[in-house]
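See structure below.
The first chain written gets the first letter, and so on, giving A, B, C, D, E and F; residue counts start at 1 in each chain.
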Amino acid sequence: MVRAQEMARYVQSGALDAGITGHDWVVETGADVDELAELVYAKQRLARVRWVLAVPEDSAIREPCNLEGKTIATEVVQLTRQYLARFGVNARVEFSWGATEVKVPQLADAIVEVTETGSSLRANRLRIVDTVLESATVFIMNRSSASDAWKREKAENLILMLKGAIDAASKVGLLLNVRRDDLAAVLQVLPALKNPTISNLSDPDWVAVNTIIEEAVVRQLLPKLKAAKAQGIVEYPLNKIVL
Amino acid sequence: MVRAQEMARYVQSGALDAGITGHDWVVETGADVDELAELVYAKQRLARVRWVLAVPEDSAIREPCNLEGKTIATEVVQLTRQYLARFGVNARVEFSWGATEVKVPQLADAIVEVTETGSSLRANRLRIVDTVLESATVFIMNRSSASDAWKREKAENLILMLKGAIDAASKVGLLLNVRRDDLAAVLQVLPALKNPTISNLSDPDWVAVNTIIEEAVVRQLLPKLKAAKAQGIVEYPLNKIVL
Amino acid sequence: MVRAQEMARYVQSGALDAGITGHDWVVETGADVDELAELVYAKQRLARVRWVLAVPEDSAIREPCNLEGKTIATEVVQLTRQYLARFGVNARVEFSWGATEVKVPQLADAIVEVTETGSSLRANRLRIVDTVLESATVFIMNRSSASDAWKREKAENLILMLKGAIDAASKVGLLLNVRRDDLAAVLQVLPALKNPTISNLSDPDWVAVNTIIEEAVVRQLLPKLKAAKAQGIVEYPLNKIVL
Amino acid sequence: MVRAQEMARYVQSGALDAGITGHDWVVETGADVDELAELVYAKQRLARVRWVLAVPEDSAIREPCNLEGKTIATEVVQLTRQYLARFGVNARVEFSWGATEVKVPQLADAIVEVTETGSSLRANRLRIVDTVLESATVFIMNRSSASDAWKREKAENLILMLKGAIDAASKVGLLLNVRRDDLAAVLQVLPALKNPTISNLSDPDWVAVNTIIEEAVVRQLLPKLKAAKAQGIVEYPLNKIVL
Amino acid sequence: MVRAQEMARYVQSGALDAGITGHDWVVETGADVDELAELVYAKQRLARVRWVLAVPEDSAIREPCNLEGKTIATEVVQLTRQYLARFGVNARVEFSWGATEVKVPQLADAIVEVTETGSSLRANRLRIVDTVLESATVFIMNRSSASDAWKREKAENLILMLKGAIDAASKVGLLLNVRRDDLAAVLQVLPALKNPTISNLSDPDWVAVNTIIEEAVVRQLLPKLKAAKAQGIVEYPLNKIVL
Amino acid sequence: MVRAQEMARYVQSGALDAGITGHDWVVETGADVDELAELVYAKQRLARVRWVLAVPEDSAIREPCNLEGKTIATEVVQLTRQYLARFGVNARVEFSWGATEVKVPQLADAIVEVTETGSSLRANRLRIVDTVLESATVFIMNRSSASDAWKREKAENLILMLKGAIDAASKVGLLLNVRRDDLAAVLQVLPALKNPTISNLSDPDWVAVNTIIEEAVVRQLLPKLKAAKAQGIVEYPLNKIVL
């Protein structure tokens, strides 16, 4: 197993043709690889992580330029140096093995740390000054492998599979029967994103409706579908979807 | 997390708008709450539990009136007192922390204990004298919250969801193809509860049948469906159903 | 619970009407039972195990007749004796409690051991001389029970269920919509084994295709189906299939 | 196994001759038993627990008499009632299944809860109003068994053993050699509690000192003993001590 | 690691110079090895195990000769055959993989099984007919290695160590001070097995007593020693003893 | 908890007065702290670890100067740079997150890795070129704290305790009785390191010998002591020793 931190180096060197890692580590290691796709849950607030510059709540540091001459502890030394360079700031950047939050103010004036919701930072009484980098999970490929047609196609198929599984993880299938007369009312309740599949039943007065929806909205939909006279409503699990 | 024993008190006090607990604990705590729905598996022998009055196999106690002046150990002191009051019996009711079965005859003459099948009581050589209370899992709501239209609707939706999931837990979907000529024979095999969904296939001689059945009967149905010339029989899992 | 090694004896004796064990143990114990069915994954390289005669890489033993006067360690003493008898070879066969591979050359000249891929033998620097017996999981039945019509039918139904679940374990359902004009192209992509179910949709220009495929080929199929203009492709899990 | 809460009842009934439980549960259950000995670590701040009356930090309740007409949640209903009676206060006492701290102020105005250091109460922003009962672990005996000479002697022996093991748990043996000329200086360093054992060595100029000390003071003693010219200092573990 | 069942074969073959196994497996495998020492706890009821012939409680089999023509299930096939030969009895002996107790009466008429206390046999409603072999843990040595002086000495040293540790496992050290005038009374209380070590203290009126005793008798001794005016009684753990 | 890698920084900054870490991390982080003591097992082959420069077995790199222009992967970037500087070699040093062994030859030409016995390196077919640094566990102290008399004394006491416990870990106490006539023979057998404690027994013909020895030599000593007529030999465990 290769660590996320080192995957980009393995792929750049050709030891591996492709890999999955964070965009942050591609930048941190300066690896020259091809980022073919982002692998993120659509419309999800946890989709991305941020590396942020944080300081103690009562610190006088309010913006990047206040860092001049200060010490910053972080696991991403290169990312932090590039960030400081953008502002022309000179500061000491120290590599930190885990648990960076507890190092301020005694070992460092500021930290650059990864966060999803900021709650761990708040629990440590830290204040976010700025976002250094937004990052998501990416599928990366060795540049030479990426220009090999056969390998590229295999990689694209794999990405299609992975995205299909990611998309399916938060969705479910919904199957129901409804009289033709009530179909319009039922369809009005269903999310408009994609047309549901409507199939004829033996009994010409009825149709079956099959659709894919976010699992999170089932709770709102079920009572409305029942009110719209849908019958035999069945929610079933999905493995993958490619809409 | 709130214990089942205390949920009714939390809901009565308004600390929570609604909760799930046993009907027994609603009665034991004397909480004034609205029992909106029972959440039980249909046609299941484990659907309900019973609080029973039990005595050692060789005890002289044969009916409630024999309890006069005796000692009863139980976790449900109020339930037991209400039960005794019904018969005008005076007896000492002692609260018991777990493992009530081992307390007779040395610490108590009788116990009031919960049981599903009675096997634990039999293993302890106890005889059931009477049923004190039958109880099922219930969805309870604070009376004031229950008369708030918006909260009440949210509660009803949640109950619909929970019942949909409970109903689905013991059921599966069954999908099969059959020639129109053999459809009647296949339908005769399927349980009569709900009409299955019959849909037209491209080949006008064939139809597809989609139905929901108890998982427990699949074993009996599969050979019969095959004998009735069903083809491509597929059993698939369900998340929720609202028939 | 009954061990695989002893199941055939239990079934022969009538202590059990039927059981599941390896064909190897039926032969080793010499049990007179009815092998009603093999329970194996179709087209799977792990479907069967082999009991092989193995010797140290540098042993002079090249064929069964070289075993004359030698010592063989094995868990299957009877199987090994029957094998030697076939070649008219006299050798000492010693029962071995587990870990037979480490017993050559100090405690034995050869071993008879079970293997799927041979990798454990290679890791112990052993060379396979011959296959003594191929074995698969079998459903066995007491001969007298097997001639009882009612018991036989229950056994056959159980076999149908088990095979249905085994077949489903490596397969998934695939559902997609396609314009009638593109149907031929889509069908050409799908495996030819079984005709997929094609159903009419409300929109007369479209049909839905429902089919069962090996999960292992989904990776190859998804991009091709997309290229053939299939839409709303959904992969869903299966419990059992009887095609 | 018998729960601490119910041990006193078992011993009172004669189901057990003797047992170990908390003094609090003897009082709560009103059991008439003989408390033969307290089993506590000498000079230990954790030796005893306290049941305290506690209220939310901002509660108006300042003393027991403020409880008139209030609701108190507790696991020790009888203890609490006896406490209230002492002050002539009428209040509703409700049995609480665990986690009493979270019940104020919504389900109760005050609680009676057990505490060692009070830290859990502070963490829940509760204020201690009064101590209801101090309690320690006690060895209890059935009154009739306690007057049986043979049983009583066995119980006294057991108590001696238990106290010996409890006393040993926090102590260690210390063995050292010292010249007779330096003995006085070494003895001055050792705790004065018990005279250490001083034995003659073959070399008439030297003696050996063997003593039992609290493990917690070894850290302070070792450097001082070395400074006082003790040699060959050895700390060894103990199982039991009866000084 | 070598299994107990196969150790004797490894030692006989010279693959190992020496090993520890049960005497039973030496006999069962017919291995020609030197049993240098038994490794058993002195005066311990668990010191030895027995292989016994057992039958269902209601079996007509009362003595070995009743086994003629019967089937016996056992893990020790050779031991059982040798036992039957002693009585000139012909019976079928079947190797059994574990859980032999459950095989009677359906798969066998009798079993030969290992037991310490017989409780597992009783729990399975089996009756012991006869003891087939008593067995203890033994230290075995390859005959050729045992006649090599250097190897033999190392083995004897190892046996001394092992016995020293086994003897120490159930014993403890006891150290106490006593006035010379009370010494006789104290010594009378101590077990007579080995003379305790009595050493002079600086104070000529006092002596120290150091002795090794069974941990199981500490409970009886402590009160008596105290009564005999022993002081500063300390029980300490032991690693090994060679008395 | 502070990681070994960062302890020296915490101590240098004064966040902690003292700590325990490896000498290697003191050097790597360049922390200016006082190394008060090494905490190592005397005469133990595992006492120290080595950071070594290693290359693939078949690499052309034979000495440090061959590294010119090469890439080196390591967790100790500064240590490695200082080492290269000593030889005036220019090479690229890359930080490696764990599992450095697997990075040659694809991601690096050489590695600097920690090793105790070299076995992990050999298992990865690596050859050691040179030792970069030897390191042991050290007790470090903040320079300012170390010159505070009170803190310094507490630190020295703690070191005495730690060394006492480390020394005791591999040692045991040995107690035996011997006739005065045989004392010389017994003393000759005991290691000469420290004079054992010889005490007079009540019986003037006997003495008791108490000594501390390495547990590893007990096996050799026991038979010799017995041969020299020592009696009542007892081995007992130690917690700490300060000889």
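Quick note on the criterion: a residue touches a chain if its C-beta (ideal position, glycine included) is under 8 Å from a C-beta of that chain, and two chains touch if they have at least 3 such contacts.
All values derive from a computational prediction rather than experimental measurement.
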Neighbouring chains shared between chain A and chain D, ordered by label: B, F
Same vs different contact residues, chain B with chain D, by half of numbers used: same
Centroid-based (C-alpha) most distant chain relative to chain C: D
When chain A is superposed on chain B by its C-alpha atoms, the rotation angle in degrees, nearest 5: 120
Per Cα centroids, the chain farthest from chain B: F
Chain pair showing more contacts of the two, C-E and B-C: B-C
Centre-of-Cα separation between chain C and chain A, whole angstrom: 41
Centre-of-Cα separation between chain F and chain C, whole angstrom: 54
Set of chain D residues in contact with two or more other chains: 199-200, 236-237
Chain contact graph, described as a line, ring, star, complete graph or other shape: other
Touching pairs among all chains present in the structure: A-B, A-C, A-F, B-C, B-D, C-E, D-E, D-F, E-F
Complex contact set, residues of chain E against chain D: 172, 175, 177, 199-203, 208, 218-220, 222-223, 225-226, 231-237
Residues on chain D engaged by chain E in the complex (per definition of touch): 153, 156-158, 160-161, 164, 168, 173, 194, 197-200, 207, 210, 212, 236-243
Chain B to chain D touching residues, read off their complex: 3, 5-6, 9-10, 13-15, 94-99, 106-107
